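Here the chain labels run A, B, C and D in written order, and each chain numbers its own residues starting at 1.
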Amino acid sequence: MVDHAPEAASAQPYEIVSEHAELGFNQYGKAENRLVHVRRDGDVHHLTDVNVTSQLRGDFTHVHTHGDNAHCVATDSQKNTVYSLARDGVGAPEEFALRLADHFTRSYDWVNGGRWEVEQYSWDRIVTENGPHDHSFVRGGKEVRRTVVQRDGEATFVVSGVTDLTVLKSSGSAFVGFVDDTYRTLADATDRIMATDVTAWWSYDPDHVSGVDFDATYDSVRQIILSQFAELHSLALQQTLWAMAVRVIETHEEVTEIRFSCPNNHHFTVDLSPFGQDNPNVVFFAADRPYGKIEASVTRKGVPSEPRAWNTVPAFA
Amino acid sequence: MVDHAPEAASAQPYEIVSEHAELGFNQYGKAENRLVHVRRDGDVHHLTDVNVTSQLRGDFTHVHTHGDNAHCVATDSQKNTVYSLARDGVGAPEEFALRLADHFTRSYDWVNGGRWEVEQYSWDRIVTENGPHDHSFVRGGKEVRRTVVQRDGEATFVVSGVTDLTVLKSSGSAFVGFVDDTYRTLADATDRIMATDVTAWWSYDPDHVSGVDFDATYDSVRQIILSQFAELHSLALQQTLWAMAVRVIETHEEVTEIRFSCPNNHHFTVDLSPFGQDNPNVVFFAADRPYGKIEASVTRKGVPSEPRAWNTVPAFA
Amino acid sequence: MVDHAPEAASAQPYEIVSEHAELGFNQYGKAENRLVHVRRDGDVHHLTDVNVTSQLRGDFTHVHTHGDNAHCVATDSQKNTVYSLARDGVGAPEEFALRLADHFTRSYDWVNGGRWEVEQYSWDRIVTENGPHDHSFVRGGKEVRRTVVQRDGEATFVVSGVTDLTVLKSSGSAFVGFVDDTYRTLADATDRIMATDVTAWWSYDPDHVSGVDFDATYDSVRQIILSQFAELHSLALQQTLWAMAVRVIETHEEVTEIRFSCPNNHHFTVDLSPFGQDNPNVVFFAADRPYGKIEASVTRKGVPSEPRAWNTVPAFA
Amino acid sequence: MVDHAPEAASAQPYEIVSEHAELGFNQYGKAENRLVHVRRDGDVHHLTDVNVTSQLRGDFTHVHTHGDNAHCVATDSQKNTVYSLARDGVGAPEEFALRLADHFTRSYDWVNGGRWEVEQYSWDRIVTENGPHDHSFVRGGKEVRRTVVQRDGEATFVVSGVTDLTVLKSSGSAFVGFVDDTYRTLADATDRIMATDVTAWWSYDPDHVSGVDFDATYDSVRQIILSQFAELHSLALQQTLWAMAVRVIETHEEVTEIRFSCPNNHHFTVDLSPFGQDNPNVVFFAADRPYGKIEASVTRKGVPSEPRAWNTVPAFA
């Protein structure tokens, strides 16, 4: 049984011993450090708006078992480091996360890895009658650019993504020929609205992380997703995801795998016949729950999926 | 005391009598009917994505006091009506709300008013290498266009607005010279980030609702807000709101009043000196709570604010 | 037209003049100051967890029109005041808001009113095998106790409420006999689930604010709401609200008016007949949107509703 | 390159071929089926309120690569199945998920696995002056009971948890002796508020799933978490999690591993000295972001963590 010191005891570390339990995977740090950086290019300002989470891995056993903080780099100190390292600019989210990984693993002997996540929010320059403004901005779309960088000893894994990229097509989507049994009540649809909030994450080849232009790849993957969504006549949301994935894999050698987790945001044609009206696919009810949930990974042939890259990426769940 | 029939009783209306209580203002209906309309212009589709709330006012006393539903137009029926009236198009949110107002007050003798609220979400056409797509769309910014239309007998009140229009300027904002007493710990700031999520609502002159181009006014007011935010050297967020309001009132004769409710989304300069670094307004912490909350109404001179237009508009709260 | 100094100008106040616009109602302050107070009763701790918003009203015209902050009690200073006044305890939310009202209106000549809102979150003492713990707590239900106190010169208005008090009854609710016309497709229901998230706000008699035991009234009103919801055989949600209101008005002389804004959280009986099953009101789909929205005010006979108490209370919208 | 049929083409399946891409892990289904079940025990009703997600795995390659839905059990059909299987009761969330697993893998040859997630919301019986009510309920705490059941061929994995179990202790927590370097600005704290929203997930021994009383284990684990939080004098949140885990592992033979993901919800002592006041740990500011994030897994000695149980459980991310 657990036997612990009474609360009144002095705050000296001591071991909480267990015959049956042992500490497994663990990581800790400071989450959601909201950081805005302003870069001045003469009078013209450039804005970087990110949300940074830093978590360390290594020899932290005694923090858990003994309450001994000798190895504990406080989460507050991790926060300080995030802001300090941003002093001269953030760069691409992936680059900033990699700098954090380097910093922490080099600074503390017992830190041999960690996880750094960055979300980035987009801003557009406000345009007035005098043109684009030097230092005034309006938030862009609701989509969020993201990255999860993990360091494991000498190995580094970069998985980047986009979430909440909401798209809808009002034609060019069908869903027919699915299993017809007792539990089917849905009719075939030869022309339906297809809508989803794309969550896509893709892993970078660990051997080629250093030379990647992460901004360019992000822009390109995002555009491939939009173009394929628009132009493919879809027979199933699964097929659309496959088409997106194939083109990403074929276009971007630096990408080893891409995963999608996409709701099917149902838009139901409203039955107007009780009111003496037809409804030739013009009036729809946009439903909330339940929703379809379609998830798929597509890998580069011959390159197995790397669990250490993906095990803490919020997808497939 | 309340005296009511046991649950086992038959469902016959009966009066719950009170010597001391009387029914006051009331309204009821169906909220958040999510409606998507697709208009086909040849192969080119046009999307209208709205969220419609319908609430009726009139003689509904016996629904409350007796549980007698003879006058009750079911909220489900109001929902049906929303979808039915959208069969041939929605138009501007204000126009759709006005059509609902006309329909309900004309259809039921005992309905003499009501409240219809419409939110509209923006979509952009997806652009591929083949140009703008005919029927595929991506969600635009997170801001929401809104309207609250109220009918009270013969009178009609239209108040329209925008919410979640998030803006930030990285220079051109100061805050100095405020009250200096025991409770002040904030230093003067001659150059700070100013950021807010604009909520603005404006009322239309009830005598000139019929001729208004609501889409054009919306676009213009939104642009005035952005331009004033960008171009005014701000001495206080209050001053910025005043400048926006003045220009709206002076530009749009059809607008009688405009109200703002704006957080001051604080961006604090991070103290990097413990790490041997300066911070010449480049690294900021974007805070969540608490936040400033600045609210102001600006009216057209000589035109008093109309409570019946504003009393259920979600502002100043 | 607005004519303003260029951004490069020095930060001297100047007037933004308008021939057509004038400043109306305005208030400003610091919103959502998250405050936790710990009171020590020997070893036994008592927790008060609140969210406080402070907004001032008075002569703040020049802040808007001139950017002159001489009268501006910074929102940061208001925040400081909130924490300072909590030093020796918070008390009931209403009492704390009243103390803030007194403080601000007494401290600054040009402040003649304001609005103070307090939300309170409930915590239960953790119970272990050793009994209720002295200083360890678990969050209670999701409902929130709230108050909005407004000061207008010599007058003080207290409106208190509860939000997100979620209730459901699986029997004892019917909805029959409503309007049967073209737009009705809903069948009569003699036994349905009724569920709602109660939002209730009640105003205190301004002449009797000083002697009220706000905690006792809160507990009593909450219990009346629950009991009436449970025990009334409901013919309409409107009737249930009326029954709650009547009993509150009759029980609490200090309450002059009570308002409800309640969704009808629909639970639809699922049609299991395609699967060869009946469904005698046992399996339900809990829908999100749309939902019914039922709003009603009940006043004490002979006491007119007081707009200054209610105009910034978030109800009916 | 991707080569696809024009949208105008008939909806015949065809292959989107890729030389470089191959389909990896995939699953699909219907998410968040909101299901309420009412069980009648004479006049006394019992409520089960759950949110069910069903996702299938198996041979669905052609749905992706060809848009061929012959194997596709529509997400709508999965929804129907969820409601149909609930006809005679839900039971423990784990039991319901296991029944869904059995049903789907037995009904379709090509379905060899899947993922079923159930969230459960708690309701308390409303108590009136007449005692606990037969069929009227009020929502309990905001915590959510959850389970993720995965089937992989013959193997079945059950991981259950609790999320949003919010706790706070106002004494009995210290944080001292952590790394002191350039990036440390935080002082030692010998007596601080410790608060967190516990997310805990635990896996059941796959060999002993059939005999488990899941309700009893849930109640016991939850109580252990609360008791350990309350009674351990904490030297670090990590230590508290370890103590909770040890006692769960030692008490529950059926549990093979437990994982925690817990924010450190910071409560900062407010500096009241500018206002001439001390603050002996009585007034705190409850911060939102950033927050500490402490994550740890504790396994039973000799039982390795099972990736197939954990790979889609939303923890450590």
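The working rule: contacts are C-beta pairs under 8 Å (C-beta built on N, C-alpha and C of every residue); 3 or more make two chains touch, one makes a residue touch a chain.
The shown structure was predicted, so the numbers you read here are calculated from the model rather than taken from an experiment.
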Number of hops, chain A to chain D, where each hop joins two touching chains:
1
With respect to inter-chain C-beta contacts, which pair, A-B or B-D, contains the greater number?
A-B
Suppose each chain is reduced to the average of its Cα coordinates; what separation in Å results between chain A and chain B?
31
Roughly how many whole angstrom separate the Cα centroids of chain B and chain D?
36
Taking each residue of chain D in turn, which ones touch at least two of the other chains?
33-34, 80, 84, 171-172, 183, 185, 231, 274-275, 288-289
Which part of chain D faces chain B closely enough to touch in the complex?
182-183, 185, 274-276, 288-289
Help me check something: in the complex, which residues belonging to chain B touch chain C?
1-2, 4-9, 11, 13, 16, 18-34, 53, 55, 60, 63-81, 84, 107-108, 171-172, 174-179, 181, 183-186, 190, 228, 231-236, 238-239, 241-243, 245-247, 249-250, 257, 263-264, 289-301, 305, 307, 311-314, 316-317
Sites on chain B touched by chain A in the complex:
33-40, 45, 47, 49, 80, 83-84, 86-87, 123, 126-130, 133-142, 165-172, 193, 226-227, 229-231, 267, 270, 272, 274-275, 277, 279, 281-288
